[in-house]
Amino acid sequence: MNEQIKVAVLGRNGRMGSEAVRAITDASDMELVAALGRGDDLQEIVSSGAQVVVDLTVPGATRENVRFAVEHGIHAVVGTTGWDDATLAELESWLADSPDTGVLIAPNFAVGAVLAMKFSEMAAAFFESVEIVELHHPQKLDAPSGTAARTAALVAAARERAGVAPSPDATESDPHGARGADLDGVHVHSVRLRGLVAHQETLLGNTGEQLTVRHDSFDRVSFMTGVLLGVRSVAKHPGLTHGLDGYMDLGL
Amino acid sequence: MNEQIKVAVLGRNGRMGSEAVRAITDASDMELVAALGRGDDLQEIVSSGAQVVVDLTVPGATRENVRFAVEHGIHAVVGTTGWDDATLAELESWLADSPDTGVLIAPNFAVGAVLAMKFSEMAAAFFESVEIVELHHPQKLDAPSGTAARTAALVAAARERAGVAPSPDATESDPHGARGADLDGVHVHSVRLRGLVAHQETLLGNTGEQLTVRHDSFDRVSFMTGVLLGVRSVAKHPGLTHGLDGYMDLGL
Amino acid sequence: MNEQIKVAVLGRNGRMGSEAVRAITDASDMELVAALGRGDDLQEIVSSGAQVVVDLTVPGATRENVRFAVEHGIHAVVGTTGWDDATLAELESWLADSPDTGVLIAPNFAVGAVLAMKFSEMAAAFFESVEIVELHHPQKLDAPSGTAARTAALVAAARERAGVAPSPDATESDPHGARGADLDGVHVHSVRLRGLVAHQETLLGNTGEQLTVRHDSFDRVSFMTGVLLGVRSVAKHPGLTHGLDGYMDLGL
Amino acid sequence: MNEQIKVAVLGRNGRMGSEAVRAITDASDMELVAALGRGDDLQEIVSSGAQVVVDLTVPGATRENVRFAVEHGIHAVVGTTGWDDATLAELESWLADSPDTGVLIAPNFAVGAVLAMKFSEMAAAFFESVEIVELHHPQKLDAPSGTAARTAALVAAARERAGVAPSPDATESDPHGARGADLDGVHVHSVRLRGLVAHQETLLGNTGEQLTVRHDSFDRVSFMTGVLLGVRSVAKHPGLTHGLDGYMDLGL
């Protein structure tokens, strides 16, 4: 019989954390041994015998949480934002002292969103034209979405590396700005529509053909597929992994 | 046996005119009795016995062509642009003297494009949010497309008539103009992509649901369905009809 | 000041009924004056002063509920299934004695689904080819969906009325049944996919062009738009109306 | 100054061959030095100084053409069908005697189609559900398309390798076969619609999310992007490469 992975969740009262508690409880190959909220003592992670910590807290807490886990040789799967180049470098130094421990820093746990970004980047250099359309609920405050901006940056960098010419565009008259945002030469269009959640299309065109990569996120629960993948994989990947795709064997 | 409709084409050397010559020749219920180019004598229309004239010429010629047809009691199906309120009023006065003659002025002969616009207008008042995405080949000079601008105007007018509130939009930050053009409160996004021809989507959203009406025009030959529908229907509709949908029995 | 519409909900404990209680409570132009569950006394409808009853119960109860409402001159908006030709005829006879009372029997309250079906029917005769793709969650027991079957029937009937030839199809070899269900000459394809709720596309094709009408239902709450439309409109439509589109002014 | 690649086309009168003649003539980094039709002497390839041969002939001729090229140390880009395990093994033996020569056997030259297949295979193991919808013109004789069947096989194999459970499907009643073809556990749906050319969607679903990879082929000319990529790359890849993706640096 396979043993279950012992998991502790940090941030159990947040939206993501409470979903994670439920998902880990439901997963037959995992056992939830601890679930901590704000102010709880981190020692409980150790006393519970957790092998993996899932950190879904807040930017102000995640650094200490991960340091504690690494120092105790407990693997960490981290969805909290707020990690930058400086804190990631710090994290690398802690890991140097704990070479068997794995840490995943994942800005996005939706498997489909991660793949859509990856495929957009991979395809970018093989098409004359690339544009991005992102569609969200109308309560969203910023346009374009962070995911769309990051996708555009990846696409633009891939095209520059390959020496691809700019996407052709003969537009002479556009008095109302219908052509949308131009991010490093990649046009990005933001739709806001009641009923939607979070959706994105990368459109790639050559003479006579089009390739479309679309991701639809209907519900926050979609992130749980990625959290579980992280928990199952982190022990096999000592050191720092940045981005869930580092755990996805894309068969290449 | 049904008699064939005798048809004369004006503008036989143009892109649309040459397609029309071919389509009418191929239609089993029509006979092409004349095909005139620039400088040919309009009297040939009469001597050929044409019952219907198809005018696919240029703005500078269409007015005289249609006047000639109406004066001789020959029905006219007109795809040439350039008709405005003043010339349409003039046309009405000619038709007053020839009450059995029918004239169709059709800005768009693609049956699907006409229906897509109609459906967008019909649905507009029943949804909280409406936006339009149009996608064209990258040689196009203007954004948004004329069809998208017209659709937005129809949608906006329908919503105003019904007293619908503006589409919700909480956007506070949009430094690069990703939200596109705002035409009378309807956001319009223009994509330019190698490989495409002419495509348009109207996206309508309510809490929990979305309705999408999409038209793809892959080839200019798509206009011929509408030209043939016009030729078959014009005799049954004396007087002026503006827009191909006037001949489409939508079962309502 | 506009007076609020006094509304009673029957079936307050069901999935749809509880959503309706919430939606009516939230609507500023309505007042929820009663909410009845199984076994509650219908007299409460009268004593509460309800002007409109919303029936979201079960096939075995709806007939009596509606009869009671009509006899007391209270309008009824009915989403319960189970009405057939015989019971509808009975309902007409009750309404004959209460000529000012309106009743809406609505098999589908999602505004977008109703319009998608209507547009598919309207467009069907203007295209050579029509096929339907419906996509649902994988717990669904039957294929194709009832909505898809009904759409196919409406499309087939519209084409027959207009004398349109069958959709062209040169398929000679299809050993695994990839062409899907053939319902009255309209091919219907059923996709079952984790993550989806209820979605449907009608694809219509002519030479060089395609028209697509798509409806996405992401959440049951989408039905509430139609329920509220029904409550607001039923008093203005004495007698029986079958189908929510009877209350939708499509501007034609 | 970069030197131009000297190219000979075999099969210049076929549909693909004549497109290739035009595309190579238009490419600024290539020079068309020979274009042979049926019965022309292969020696012309040598005398013309061709560095690369593009074979777009017929199954009965391609084996001899490629053998001739390899024996003369001329690289070959081959789009002709008809290569099986036996003839590919033979080709490997010829190449053993000419180790600097490269040969590309490409069943599909549409860059987007190759990527769509690759991405479908890569994503297959990360989703609970996968289905394929392919859409073609109504003159097509077979269903499903060869590309769809090949994609389904790649998807099924990837899922089996990763030990993924079968896609969930609770269908109990499907009297008309709406669920389409079941190929190794992957449902494939074939739409036939006037106006379409060749289109394919892979739909992948997890709880709360969907990933869609779609390829649209609007015109045969789309294959030329892949032919030119082959001509530019073949000299850098000695030996046999099977599939255009072998030349596509996917940045992994």
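Labels for the chains are A, B, C and D, by order of writing; each one numbers its residues from 1.
FYI, a contact is a pair of C-beta atoms (placed from the backbone, for glycine too) under 8 Å apart; a residue touches a chain by one contact, two chains touch by 3 or more.
Remember, predicted model here, so these are calculated numbers, not experimental data.
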*Chain pair with more C-beta contacts, B-D versus B-C*: B-C
*Taking all residue numbers used at the chain C/chain D interface, answer same if over half belong to both copies and different if under half do.*
same
*By CA centroid distance, what chain is farthest from chain A?*
B
_Suppose a student superposes the Cα atoms of chain A on chain D; what rotation angle should they report, nearest 5 degrees?_
180
*Centre distance in Å when chain B and chain C are each reduced to the mean of their C-alpha atoms*: 33
*So how far apart, in whole Å, are chain C and chain D when each is placed at the average of its C-alpha atoms?*
46
*asked:* Distance between chain B and chain D based on Cα centroids, please, to the nearest Å.
replied: 40
*Going through chain D residue by residue, note those that touch at least 2 other chains and give them in order.*
127, 195, 204, 206-210, 216, 218, 222
*Which residues of chain A touch chain B in the complex?*
127-129, 131, 133, 135, 138-144, 148, 167-174, 176-183, 187-196, 203-210
_For the chain D and chain A complex, residues of the former touching the latter_ = 110-113, 115-116, 119, 121-123, 125-127, 158, 161-162, 204, 206-225, 229, 248-252
*Residue ranges of chain D touching chain B (in the complex, touch as defined)*: 195, 197, 216, 218, 222
